[in-house]
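Some structures to go through are shown next.
The two complexes that follow have chain A in common; it is paired with chain B in the first and with chain C in the second.
Moving on to the complex of A and B:
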């Protein structure tokens, strides 16, 4: 690891940035604003051992944006729909998906709970949210292995099997649900041994504090949202 | 039985929120076919009955369903929907919770009705399209192209919204009933419902 500059962001910062990005993707913003926000997940991923994902992400984004600007306005027909789908997904959802991916992959649950406790969020919200963060990747893993198991028995995702969608839903849903129930039992046993249900105030091994990266990223994203709000409402005020 | 939620309840809420959210997202991918985007709440209502009914077998306290609505709203917000789902999901889940409370968390009829109410919360994902129709359309025209907008536009009207509300509610009831049957077929036999 050549230049590993101890890059870690506070979970609170990640969530604030995630919220800001998700607030902004809904509307179309000029290039110079969205550019900043697109680059935030890129740098986050790039400096924390997900270099490949970061590069793939930025390339996909640039291609999609290029398509959207140059080709789409005059395109028609079935090809256009495919391209539109691709570029729309990439430009709208990709930044937030990557930011979510980054948040999920790099935040440890204990870190998350520690930082949430520090900002006095009640336990009733932190615990389910941390379970959500932790469990989403394993659901997709689950889906992948169910698909494999079904293929082995000759129920792959083919056109033939799509003829009976209800059966497909059942075949996917039941194993996922059963494993979910099992996981929830296991997790509660684990949390009991970790003393999560202790009503007293917890102490944390990990110290979470805002460092210079946090302030930097927060400043950039807040500047971004300021420009965005100015663009949305300032234009109306002037006109 | 204490009224306060313990950690086990909170974890159950988290796990089942994930299941329902993932289901909604997977079926949300179908939203790229223009006509299905409008039907998304109905699809979600049809699909979410099974996990919801399984979730209810583990609910015995007031607040769990409300909390699940809140969590789902938060995750929806963080994943690129507007802030509206937080409000709608929480309100609908709260009403669903009250309905369950009336049935003392054991009545099947109340459980089915509560799913119908709960799933209306997903309309929060659609509401911005209807309320900010004009702004949304112009934004769509630049990002999705003319064809998409021309297909979707006739459906973005207020009476369609009401039809959607009613259909979502009805589909919620149907899928909760299916959920009950599935519960009987698979989970009670396996001893986990």
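Moving on to the complex of A and C:
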């Protein structure tokens, strides 16, 4: 290949794109707009060492969209209901989930704090949000371990357990909540002993700047919104 | 430098771990061990010194604690953090960052040091602790020992005069514990004061100057390290300082003529790396088997495969002349996890046991609970119990679902002598029920106390499988 794409975007860009994508997928956006927005998480993931996730994502999305457009309008029966649920959830939720996944996995906590401080966001907002950033990877770890524990008790994803899905949610939620409380307590204590409450302006070793990718992606997503608004109101806004 | 005068403290929310009338004078460059049973107040004392009391934990305070003749409770906590660095027990919850480099400089950044100064400090700790290979890594991907090294490097970067360590070795294997000792020695050579609250003592004997024994919130005794070596640790409820004098309690198998099970063709890959590779091994049935090996030797992968939790690990277990495949193993075996919280699901202890039974049988469930000394807690919420009680509830549910193989993942990490002995009793009780237990452990004392067979892992293979042999075991633990 012989060429290295030094891909990185600013945490602020990630969050803005995430917000735009979330807004767009819950509205009926014309295909030519949503198509481009759907590709943003794909490119982001693909160029930052999450190639497998990127490919699985885009394939799932295309299949779901294809089903939605071609097969489902005429389909009936139980299978159709299942497929409709799948395709609508996938087309609406996947882009947000993947962009969120990308944001969480590739943003260093220190980068996030640095970029928020650059935009003069107060510490009272930055710190709690960065704790969330820090906490999400450990939630994944916990979910894996709870799933293991459930399998050993004989209620993994089996027919028996699917009969009471609420019970399953409860089984996951209680341990996660308990450990969330414990983790946030211990984390706050540890960060206090490391001077996080210092009122002086923090030094940021990592410098964050907007680069060409930031401008590119921001331009694309803002253009997307603009086209969408134009599509909604037609010429009415301009006139 | 650090001084406590008539300090007493009681938490608002807890009944134990309070302090009564503590007087303590700690000089420059001293290395001090705080020891005592769980809940004796060691941790509370450390919280006084790093400012978490009163800045984070509320309670009733009396007396004075001072740092360089300044009262600690009048200093803002970020100012204390310039002088006092803290390393905690749980490596998972003391990191604010997800990447190692960001974590090492985090404290310096908070204290608003110059960027060029921070870079110089980063270089220094990386050199001092030999961390070059760990820079810019995801902290979640590191081993327990590596995490603790990063934690030490991050407090060291701020260059405080005092270091406070609260059970830092709970999650470390013996090799990493020795590495940890080297870090304390480094600090000592830099003239820093180190205060370490710890249950596991064996790696500390020639680095400590003074030992403070705490009992029920009071300083019960104080020794120099030489005096402490002569003390009978068992009588004080402490772990051993010198592991050389221990003897194996079960040099012979529990069963007079043991039967064997056989494990065949257990293989497992992570991506393209083979992490488990076992052709065939015979293991005595209905015994207590220790699984030892360094971090990353394949112990946990083996446990997961044995329990049938890894879909891609085929292999078979031959038990009573039946060959068990993955799904059958999943039915017959159960793992008591290190974080038991992940495996308790219901709203009461009794429900937890009933959930595991084939048909609900309340009488049978109560009998199991009674035998495990849990019957008085049968209506309590599992999450409200102590760590040891939770572990017993997990054991109870395994018994209720008629499991024949139990695997314990580090059941005694961070436990004091009394609680370690309780775990050992539980294991022997299970042996009496005909259950085979596997124990993944770094706890030499527990192995000598309860185990009768040892499986030694290295590089994904079982390199040795032997009947309890203290000398062999010692070679691994006390290299």
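As a convention for this text, the second predicted complex is superposed on the first by the 201 of 239 C-alpha atoms of A that agree within 3 Å, B and C clash if a C-alpha of one lies under 4 Å from a C-alpha of the other, contacts with A are read in each partner's own complex, and residues count from 1 in each chain.
FYI, contacts are C-beta pairs under 8 Å (C-beta built on N, C-alpha and C of every residue); 3 or more make two chains touch, one makes a residue touch a chain.
What you see is a predicted model, and the numbers here were worked out from it, not measured in a lab.
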item	value
Touching partner for A:197 - first (chain B), second (chain C), both, neither	both
Touching partner for A:93 - first (chain B), second (chain C), both, neither	first
Partner chain in contact with A:120 - chain B first, chain C second, else both or neither	neither
Touching partner for A:206 - first (chain B), second (chain C), both, neither	second
Which of chain B and chain C A:174 touches, first, second, both or neither	both
Which of chain B and chain C A:128 touches, first, second, both or neither	first
First, second, both or neither for A:148, with chain B first and chain C second	second
Contacts of A:108 with chain B and chain C, given as first, second, both or neither	second
Residues of chain A contacting chain B in one complex and chain C in the other	130-131, 170, 174, 178, 183, 187-188, 191-192, 196-197
Touching residues on chain B, where the partner in the complex is chain A	5-8, 10-19, 21-22, 32, 47, 50-51, 54, 58, 63, 67-68, 70-71, 74-75, 77-83, 128, 135, 139, 142-145, 147-148, 182, 186-187, 190, 192
Chain A-touching residues of chain C, taken from the complex the two chains share	50-52, 55-56, 76-78, 80-82, 84-86, 88, 90, 92-99, 102, 105-115, 118-119, 140, 154-155, 158, 304, 307, 309, 330-331, 333-335, 337, 339, 341-345, 355-356, 383, 397, 401
List of chain A residues in touch with chain B within their complex	15, 18-19, 22-23, 25-28, 68, 72-73, 75-76, 80-81, 84-85, 87-89, 91-93, 96-97, 100, 123-125, 127-132, 135-136, 139-140, 169-170, 173-174, 176-178, 180-181, 183-184, 187-188, 191-192, 196-197
Contact footprint of chain C on chain A as seen in their complex	108-111, 130-131, 133-134, 137-138, 141-142, 145-146, 148-154, 170-171, 174-175, 178-179, 182-183, 186-206
